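Okay, got some structures for you below.
Consider the two complexes below, in which chain A is the common component and chain B and chain C are the respective partners.
Entry: the complex of A and B
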């Protein structure tokens, strides 16, 4: 009983309620697109984009923008489009481009923060951005509205274009040859992914974003056998893990981001063992 | 069928079979076509017409440009020069395409039904969900390729021959007038190969135009009405200028 009382006590605070709302929405969105990313062999893109978002955040903080989303979101979207839509015939191959952009953005971001920052605790700031240790608990009402708005938009696009996204994920060439505008939907996927990454950075921090994208999808793919069930399962796993992670973090005082990721890892091994037992 | 949507798409096909009796009009016209990747031209200065009712086999050794040409015809590769023109009112979303299976697909968590239904995404309309007409059509295509009993099965757990027949069912759903096949029997055992060919033969008999890339010269040529041969040409003048033999069998 004391745990429930403790939780009820924490629920009184608006920032805890905000954290839970935002956490659930972000994990839902990221897991849905995660299935597509993993299957298209783009798992690493989430990681690369989050580093870009970190770099953009550093620039935004130098210019002391009141709403840093205005810079971070467009920059991340542009990079996502460049990485996902330039095709396979470019001079620098996809994985090398991701590695280059991601490390480059990280280094430049940290460099800029060090040179221009007026804060006394630079390493603290950087650590917070990278691992999201407190940002989820310092959300303002306006952040929550923005997050809810963007998440609902992402969900709506995903549901409406679910079948198109499936067709392009399974076989882009076939889709293109039979009259689907594959380039347009790749663009749409790139934009959605960028939005999700930027949102998820608030929840788990820049370095841990790809865990949110990759783990639920991989867990679901161990056990489920159709795209629809995999998608639904990934979404469920992700939401449950995030919720559990946030509650544990609040009760035990652990950092929110890494607790959520730890939950995702536990779930992954659970599903892995299940599939192993089933196949015996 | 008793369904408006499907009756509409069938209308095009009935008109075509009338056309065949008069004179076979062209479906695809290639003029001075050059295709290639990077700096390399693989097919160059190539004129060819694919006609309504053709069963065209493209043969030749590895790397001679068969698949490249098919990708060009399927609109996946932009010509470096020259043109590929869809004629006789043919639209991209009336073409079915059976590409070579990819590594990604071999381990893809999807049911057979989901994959076959995905063929309709190129058709007109917004299609957030599939209506009954489309589901029925998908079941028909699965019946034609003898995969209807696999509808709920998981694609990655099927045998090679079953996978290929599922992808053929998907191509069939998309194909209203033209079906392009890229090495449809590669990696299949003799039994599955025969099954595949007999399905394709049946489709051609029912009025489908077929363009097929294949290594399996003997069997394929028994059925083909036209053959495009990429062999023995490349050495003379760089990029391939395939010879064509028409009406070999009829």
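Entry: the complex of A and C
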């Protein structure tokens, strides 16, 4: 069957269309905040928070919660606030705190799943959650509505408070001096990041979430220089790579999450070479 | 003020677009072809996702003609004294597998007339949903033809 015909055939399935809608929204949101996180030297926080979400998922599955988002989202938000808003004044500093939370939550989550899980296929459950092999293709309409709602909220906050986010990204103290409530906006950024990480786990799995946050921003920074152009370019790169990754995965039968990340890596090297050629 | 209004308007249009995309999503219905859901011509990732839908929401597929390619597996249930035959597929990471039970239209003797465990098979039959005594239910392909 020719590729276009095969793609048209696959597009008839609702779960493929759901995957594309959710994939585009998640990659758009994660790339927008990715620029801020990379510039604030918090690139690795996505990894830490996704492992926290994995731990919360393990607890939710033990208690057999019908909607595990009710536990995962608040827990991840609380940890994001603790890491981003109190990092500078604590005894355990930024990167060490992220590393500690990251491996701690991963280990405890896996331990709890092994001890208490009633599932017959624990390794399969863990593998799916960590690498998101097909989870994006198993979404229900209600999951998609939740994702659309949360994504619109994230985009609204980013668009409406763009200037304030820009100010605290580059110089928090200066922003504070000019009357920006830096603490409030840091809190807002922490909440948004937690929401994005929880959503992105469905797309690429817990271990690969950082790629969605970091790669588009770093690719855009190779070629573009202003905050606005980097943000727009990062969003475009992220959406194109996710879309291409999902389509390649369903056509070639490869794991969705790692295919998307592979696309992001290809884009990064493309932009890196472009920047190298331009600088000569 | 007008800029903020424009931004909000754009977000509203965007969210309506996404919601309408969800509402118009409809599955491939019986298009008159003999096989309603042909899993044999799908990629591994698509087959896994489609079988997941069939296992999670089997009522949607009852009566549909299914064709599936996978690995042959069998299991003998000591309680019911019944042997189940299955066509199993693995996901792209090969860490998860799922499958559908099947019942041949013309019964054969096991193991003489069945393929070896792990052999690749193609089955074609009618999707059904079987409920057993203790409230447990499972999807099964009935009146199946098997090729290997």
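We adopt the following convention: the second predicted complex is superposed on the first by the 278 of 280 C-alpha atoms of A that agree within 3 Å, B and C clash if a C-alpha of one lies under 4 Å from a C-alpha of the other, contacts with A are read in each partner's own complex, and residues count from 1 in each chain.
Quick note on the criterion: contacts are C-beta pairs under 8 Å (C-beta built on N, C-alpha and C of every residue); 3 or more make two chains touch, one makes a residue touch a chain.
All figures in this text were calculated on a predicted structure; none of them were measured in a lab.
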Which of chain B and chain C A:160 touches, first, second, both or neither: both
Touching partner for A:207 - first (chain B), second (chain C), both, neither: neither
Chain touching more of chain A, residue-wise (chain B, chain C): C
Contacts of A:174 with chain B and chain C, given as first, second, both or neither: first
Partner chain(s) touched by A:39 [first = chain B, second = chain C, both, neither]: first
Which superposed partner A:15 touches (first chain B, second chain C, both, neither): second
First (chain B), second (chain C), both or neither touched by A:228: first
Overlap of chain C and chain B interfaces on chain A (superposed complexes): 159-160
Interfacial residue positions of chain A with respect to chain C in the complex: 1, 9-10, 12-18, 21, 25, 121, 123-124, 127-128, 131, 133-134, 137-138, 141, 144-145, 148-149, 151-152, 155-156, 159-160, 249-256
Chain B-facing residues of chain A, complex: 39-41, 89, 159-164, 166-167, 170-171, 173-180, 221, 224-228, 230
Touching residues on chain B, where the partner in the complex is chain A: 37-38, 74-76, 91-93, 95-97, 99, 102, 104-105, 108-111, 114-115, 117-119, 121-123, 126-130, 154, 156-157, 170-171, 174, 180
Touching residues (chain side chain C, partner chain A) in the complex: 4, 7-8, 10-11, 14-15, 18-19, 21-22, 25-28, 41-46, 48-50, 52-53, 56, 91-93, 95-97
